[in-house]
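Right, one structure below, let's go through it.
In this document, chain identifiers A, B, C and D correspond to the written order of the chains, with residue numbering beginning at 1 in each.
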Amino acid sequence: MPRMGTHPSQQRADAGIAVAPRPMRRRARRIDVARVGIYAFLIAAALFFLTPLYIMVVTSLKSMDEIRQGFLFALPEHFTIEPWRAAWSEVCTGVSCDGIRTGFWNSVMIVVPSVIFPILIGAINGYALSFWRTRAADWLFAMLLLGAFIPAQVMIYPLVKVLAAASLFSSLPGIVVIHVIFSMPVMTLLFRNYYASLPQELFKAARIDGGGFWRIFLQLMLPMSTPIMIVGAIMQVTGVWNDYIFGLVFAGRENLPMTVQLNNVINTTTGERLYNVNMAATILTSLVPLLVYFVSGRWFVRGIAAGAVKG
Amino acid sequence: MKTFSLVASTLALALATQANAQSTAAPFKAEVIHWWTSGGESAAVKTLADGYRASGGVWVDNAVALGEQARSVAINRIVGGNPPTAAQFNTSKQFLDLVEQGMLNPIDEVAAREGWEKFLPETVLNVIRVKGHYYAAPVNIHMPAWIWYSKAAFKKAGITAEPKTMDELFVALDKLRAAGLVPLAHGGQSWQDNIVFTAVLINVGGRELYLKILRDRDAKAIQSDAFKNVLTTYKRLQGYVDKGSPGRNWNDATAMLITGKAGVQFMGDWAKGEFSQAGQTAGKDFGCIPGFGANSPYVIQGDVFVFPKTKDPAAIKAQLAIAGVITAPATQVAFNIKKGSIPIRTDVDASKMDVCAQQGLAIMKDKSRHLGNGEIYLSPDQNGALSDILTAYWNRNVPVEKVQKDIASALKQR
Amino acid sequence: MVLTVLVGYLGTTLWSIRVSLSSSRTFPQYDFVGLQQYERLFDNERWLMSLQNLAVYGVLFLLACMVIGFLLAVFIDQKVRGEGVLRTIFLYPYAMSFVATGLVWQWLLNPESGLQQAVRQVGFAEFAFDWIVDQDRVIYTIVIAAVWQGAGLVMALMLAGLRGIDDDIWKAARVDGIPPWRVYLSIVLPMMGPTVATVFILLFTGVVKVFDVVVSMTQGGPGTASDVPAKFIMDHLFGRANIAIASAGSIVLLLTVIALVVPFMVVRSRAGARRNDA
Amino acid sequence: MSGVNVKNLGIRFGSNAVIEHLDLAVNPGEFLVLLGPSGCGKSTLLHSIAGLIDVAEGSIEIGGNDVTEAEPNERGIGMVFQSYALYPTMTVERNMSFGLRVSGTPKPAIEERVKRAARMLQLEPLLQRKPSQLSGGQRQRVAIGRALVRDANVFLLDEPLSNLDAKLRTELRRELKLLHNSLGATMIYVTHDQVEAMTLATRVVVMRGGKIQQIGAPVAVYERPENLFVAGFLGAPGMNFLKGELTEGDSGAVFTSTAVKVPLDPATFKVDTHRSGRRAVVLGIRPEDIRIHEDGELSGTVQLVEPMGNHRVVWINMNGISLSAVLHDDRDIRTDSTIRYSFDVRRVSCFDEATEQRL
């Protein structure tokens, strides 16, 4: 027993001599120190992450006069929630003075189909790529991924032309098509890796049972995809909700998303800036994705886990 | 203010509906893309909308923040076959490509009826008139190179008189520094660096050199000592900014004047909006200097509306109506008071305008003092390249000769 | 469906190549000027600077984001109290538009208004943190803000990967007497290969297209010190009405990515083939 | 060789006590099997011995050392998990040697130990493979090998065979037993499979609800179960139970139920005479202790005959009570026929109906 051999009490025990049990090293204290370290790190990290939020919230509760004084970290001397009200329903961007709320339902209308369709298509693509493997399919996927590296803005002009030819420009279906196109690389990647982690035997068995491409997909794969779908949904909701440039160009005036209002509130070159309203508007706009994280936080983590198990 | 505009717009709306009821034709529905999204700008564009509604039209507002983005939306809408009725551009070559592609409707009818040739500054006319046709309706004239100063800061630094020359300005800056204040409030963003450059070019280089460099892109002038002097003066000013300057928004720089922490800022006349937001008035709390000397030029930067090609007679009617409304004297005064700029015509009642604007209008009466800004003479591409060089020079220690060389080669392009 | 999109992606890419060989300005023109736009591009100091910045930013951002994201995931995985709250705290920046948060970072890092001044007021008169106004260091501040936004997502993905690992592995390692840090490094991390790869690809696409954070924080300044290719492209695409050079820029970016990614993919597919043979 | 001594052990998950006041002494060199249904606390007990679960009260000694607070690797144990828990990205060799490498054991020593373990487990040709390239049985052998190289005094095995198919399981079971014989190390083995328990154990510990029900040699536990639970848990088909009363008869205790009257072996069963004469009890008899023969004093109808290859199980309806009996000869027995049989009274067990304890 070389491992324990040096321990005196061990030797005596081996020799059959009864000895009073002696506690080995206490571990409770060591663990306490480690715990303190863990919490210290997490709290420090949380502070780092929260500092900008703190400044945003504090700024949104100050008057412009106070902000101009420049005490970034100071709490507001006179609390005011006026900026929040203004941001939501009163601030002017051009002729209309309805705040950022005007685009809320438009954003919802865009987000819902722009989450459902990309996920479905990503699932079909991922399924096709991972099970009906061919060399050509791998190349297609590689190109699709490369597509994700081109700044999307460069593609706007030809896409405007194409959508106009299809009579989809400046319409709700048009903007959804755009989101489908630009989300495809990532969604396909997500589903491909997820399906690749499922045992191939499952699929082979289904083929032997005589299932066709769609039958296997609909009856076997789709029901097993719930976790990764939730992951995809969360990424899509965040991406589409925060999208600005596509919504602006492709959605048409009637369907402009909330972020267009948000940018109108915040961005200006030569106009004056109401920082307090800007901060309130930003926080208000981010509430929907935040709510999605909050509600689905558990699935988010569990879902991705399901996709990442395999080596 | 808010209630007033609300009442006004309701009134205008009521008038418009009445007008519609009377006329059998469909209302002139006009969708207008512009980038006036901030508070003061919103108030200004409302006067345009009100004016248009009063004339019987329906104004469909499409505000998109930031000029680049608003213009890009307009262009994409034209390309996509769903053009707006009118779209804002700068008084510049930005829409020249659109004209050349035949994508804009001319508004010669309005120009002839109103006699634009008679009262519009030549500089503006040269931009909106392409091959004898008018393609844009101007709205305003901004002067980007004003010199603002905080009276409180000047008082604290013991500066009694407004600087009259560049040298006096430097003396003042030194005094401000000695008093522990930030001498020059500046936002280190390339377009703001560009504004400082413009101010130095007109005040140190003068009108002739300005035109030679920016209009004629004259290589000899670029290599001249006079221009070298302009560049070194520009760089010298950089020594008066505080450490926090890079990246700062112009509003934050202006706030430094408002709070008396800094003395001087080079900025366009829109800065008045920020002062008035803080309850300060020109001549009392802050001063404005359009330029040094009796003949200092007035740089014109402005906004126009262009009218994308359409065959729909109602839309064409709407386009012509807008062009007429926005250039009418009453709309001009109302709009420019809110916007902080000055009217495109000098034949208006300026009594309601502020001291600085009145000063500007007075200068504009002298045609020999008109100058366009860089955008008017240079293509967007050239202008961008120039601004890249200037901002690099401002921030980095580069030999002035290299800067001259770089500018010469940047302006050679097309 | 895949095909139509590939036609879309491939088509637009080919179109961009075509435009990059023309003298197009606001609108595409189909004349032919050879590689003139590319020559002009590589003559442009700003473009070169932006490429260099992208390299620095890319390496630092990827490293920092993965390391911090992984560490956060590891620490949060130690059965800590308030895991849900912490997770949300680390994730919230991902939900916020950089239009405003970039400005907050600008304020925070500005030596006259932000952190430096605050720390000095507390009594550390010598404290200096002025990278954002420093030509040579400003790109690091961009990395800080970008990591702030992106690390949460990495944390969530990594945490998911950690949670997917069999608890018995942990127990086996404890019996083996392997210190936890070593378990994470030598056992858990290699097991999370696919997760790491997914995260890496996601971040990498973000790196190449980085734009918002620069525009809202520094506008590429001071001067052009924090410029990035996407901003250069966007400036020429919109403000400067020169889609030819913008297209040339994006093609160069794409080629760079291909040059970086293809060797990696070849190695991987070879390795995959070998495994299948075994 | 080390013994393991668990004293007054208490384990809580949150406020939920899983194990309370548990004492267990494992002799050096013995093969102790912890047996019980899932959720009985046997795995929890094993993991607490390994140091993988924190102990709320009591103490654990291994080889005379109090290891209650010691780290798992300091306890001189090796462990094998149900899921094997191999490190998937490492080769077989590295899987086995990783712990030693980390602890800084000299290279030659590592090599020698890995070699030895590999030889014992016939893993030599597989040393450079990754776990994903191994079959289930091979993986399990690697897992055992990883425990072996630690030169542990005590091996803890957590249902190591339950993920294997029946044939492999039998094979590995035999290998394990041989391994134990040749190593002579103490082994503590958790299973819910009674066959494994019977075949492997020197002593079996039957557990339920976090409590030890009985400790003893497999045969003893099988034949003399301490309580109704142990009696019912062991054996397949299970023990037959009859409810009835115990009374004092002429020649000792007599079991009486509605269906049957059985005189008990006076040597084993004595009824407390100072308590009331009647007592509610459950009589238990193993199927193999029901003898089917012509002159048996009991009779019933055959419900079903299950051929098992080397024996048959006969299900008998005795006045509405179902009994199973094991038959080793090949006589002709038909369903619905009436047969005669008798109980081997020396081998019956008797339990108090209220306390469920053996009498």
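Heads up, the rule we're going with is that a residue touches a chain if its C-beta (ideal position, glycine included) is under 8 Å from a C-beta of that chain, and two chains touch if they have at least 3 such contacts.
Values in this document were obtained by computation on a predicted structure and should not be read as measured data.
Student: If you check the contacts of chain B and chain C, which chains show up for both?
Tutor: A
Student: Counting only C-alpha atoms to place each centre, which chain is farthest from chain A?
Tutor: Between chain A and every other chain, the largest centroid distance is to D.
Student: Count the C-beta pairs in contact for every pair of chains, then give the pair with the highest total.
Tutor: Chains joined by the most C-beta contact pairs: A-C.
Student: Using CA atom means as chain centres, which chain is nearest the centre of all the protein shown?
Tutor: A
Student: When the centre of a chain is set as the mean of its C-alpha atoms, what distance in Å lies between chain C and chain D?
Tutor: Centre-to-centre distance between chain C and chain D: 57 Å.
Student: Give, as an integer number of Å, the spacing between the C-alpha centres of chain C and chain A.
Tutor: About 15 Å separates the centre of chain A from that of chain C.
Student: Find the geometric centre of each of chain A and chain D from their Cα atoms only, then give the gap between the two centres in Å, rounded to an integer.
Tutor: Whole-Å distance between the two chain centres: 50.
Student: Which integer distance in Å separates the CA centroid of chain B from that of chain D?
Tutor: From the centre of chain B to the centre of chain D is 90 Å.
Student: If you look at chain B, which of its residues touch at least two other chains?
Tutor: Residues 67, 69, 72, 79, 249 of chain B each touch two or more of the other chains.
Student: At which residue positions does chain C touch at least two other chains?
Tutor: If we look for residues of chain C contacting two or more partner chains, we find 103, 113, 191, 193, 237-238.
Student: Give me the residues of chain A that touch two or more other chains.
Tutor: 70, 157, 263, 266-267, 311
Student: Can you check the complex and tell me which residues of chain B touch chain C?
Tutor: So the residues of chain B in touch with chain C come to 67-69, 71-72, 75, 79, 94, 97-98, 101, 188-190, 242-249, 379-381, 383-384, 388, 391-396, 413.
Student: What part of chain B is in contact with chain A in the complex they form?
Tutor: 2, 9, 31, 34-43, 45-46, 49, 59-67, 69, 72-73, 76-77, 79-82, 142, 191, 249-251, 255, 258-259, 261, 268, 270, 273-274, 277-278
Student: Which stretch or stretches of chain A touch chain B in the complex?
Tutor: Answer in residue numbers: 64-65, 68-70, 91-97, 156-157, 160-161, 163-164, 169-170, 245, 248-249, 252-253, 260, 263-274.
Student: Hey, which residues of chain D end up touching chain C in the complex?
Tutor: Result: residues 47, 50-52, 71-74, 77-79, 81-90, 98-99, 102-103, 133, 146-147, 150 of chain D touch chain C.
Student: Spell out the part of chain C that touches chain D in their complex, as residue ranges.
Tutor: The touching residues are 166, 168-169, 171-179, 182, 186-187, 190-191, 193, 278.
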